[in-house]
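Letters A, B and C mark the chains as written, and numbering starts fresh at 1 in each.
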Amino acid sequence: MSESIDQRIIDLGLTLPAAVQIPPGITVPLAMVKVVGKRVLVSGHGPQNDDGSIAEPLGQVGSDVTQEQAIHAARRVALAMLGTLQREFGTLDNIKTWVSVLGMVNTAPGFTGQTPVINGFSETIIEIFGPERGMAARSAVGMGGLPFGIPVEVQAELELY
Amino acid sequence: MSESIDQRIIDLGLTLPAAVQIPPGITVPLAMVKVVGKRVLVSGHGPQNDDGSIAEPLGQVGSDVTQEQAIHAARRVALAMLGTLQREFGTLDNIKTWVSVLGMVNTAPGFTGQTPVINGFSETIIEIFGPERGMAARSAVGMGGLPFGIPVEVQAELELY
Amino acid sequence: MSESIDQRIIDLGLTLPAAVQIPPGITVPLAMVKVVGKRVLVSGHGPQNDDGSIAEPLGQVGSDVTQEQAIHAARRVALAMLGTLQREFGTLDNIKTWVSVLGMVNTAPGFTGQTPVINGFSETIIEIFGPERGMAARSAVGMGGLPFGIPVEVQAELELY
């Protein structure tokens, strides 16, 4: 993993989406990224299209959204978060390690597949950063709802070099 | 923002409630605030009345509690948390910045307004601390339930000077 | 509390379960424990039997699982987490303090007893580490679902000596 992370994303043919487009009339009085020394706290991200708009399908996983669709959405969440971090720092090469991940799945009654869904996020991060840097302490859990009806949301903490 | 935060709360006419009154028969074996070096971890807070009792209305947002009522409850959560911090440290002027906020909304099926609800918390903090210190990494998410049926709960991390 | 924590667990007659047995076909691309300097981030743990298998009963608390069963499950979560930490470090005596705990209860509609349920976790930790080291900043909240249908999941942060 001595290769540049920025280069690796290009080599893998991945596209990082533009900054999130919040629906009209909604304000988000928060820091998408808050840096405290070497610590980087990242706000909850949802799945985005390449232009930054919220990616469909929306709704609860296990009813409105299938597990397969949710895995794909979780992969989109990883790319959205990397886009935010690349805009924030100008590069992803300053990320030393992924510290913790809270993976939240908008859960229909009875759905218990939160682990494979959030694996869509974690496997994307590990594909890019490798297991040593990419494997974080993680919880993958089911929510009663998420903003705008997004099926997956992830917040994370990272450490910088 | 060179003004004292304690003074600013007075100038804004805000009242910080007394310590939370836990309902009889319930123990809470936790630290309302845990300090580790410059880091301050704050336990989940709900909406409180001025005397510290749990503020009504109770229940899920989107059914029992309206979005407007929940925004107001989230504002009360901010004041309750500031009350805890002021009792802990004797002042709020030692708070350098708000690092992260996990805003949890007791969510009725189909409710997707977690962002505006938790804005009631964030806007109160930013009104007092200003955007630089007050804007934290944040997730605003929907829960399947919250203790005592409170509509909103927030946990946070802060950094001290 | 100058006594060894490892010894105290033996003295209390407690058994720490083996490493978690993930159900077949599921991968968990995460670090059960991630260490960053003196900080220890612990992934979400559920209730385990002594052999590491997921402990029954499964389901939502307030319908499938009673509050009493969930308190017992939360106690099992504490022992599972201590087992992970003891395998990671070879001892529990290097743990200086419990920093934060996020206690998540798989919550049936209308159930509001998340506080007593997660007390099953906290009281176990405090029984072993004492109140000074064992009391953490905590949120005890209700989820819409949890992986494999476990009734309780807890993630935590600790500090090392």
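Here is the rule we go by: a residue touches a chain if its C-beta (ideal position, glycine included) is under 8 Å from a C-beta of that chain, and two chains touch if they have at least 3 such contacts.
Source: prediction; values computed, not measured.
Asker: How many degrees of rotation bring the Cα atoms of chain A onto the matching Cα atoms of chain B, given to the nearest 5?
Answerer: Rounded to 5 degrees, the superposing rotation is 120 degrees.
Asker: Over half shared or under half: which fits the residue numbers at the contact of copies chain A and chain C, same or different?
Answerer: On the two sides of the chain C and chain A interface, the residue numbers are mostly different, under half being shared.
Asker: Taking each chain's centre as the mean of its CA atoms, how far is chain A from chain C in angstrom?
Answerer: Roughly 25 Å separates the two chain centres.
Asker: For chain B, which residues are shared contacts with two or more other chains?
Answerer: Answer for chain B, listing residues that touch two or more other chains: 102, 106, 142-145.
Asker: Taking the complex as given, what residues does chain B use to touch chain C?
Answerer: Counting only chain B, the residues touching chain C are 26-34, 36, 41-44, 102, 104, 106, 142-149, 153, 155.
Asker: Would you tell me which residues of chain B are touching chain A in their complex?
Answerer: Contact set of chain B toward chain A: 97, 99-102, 105-107, 109-116, 119, 122-123, 126, 131, 134-145, 157, 159.
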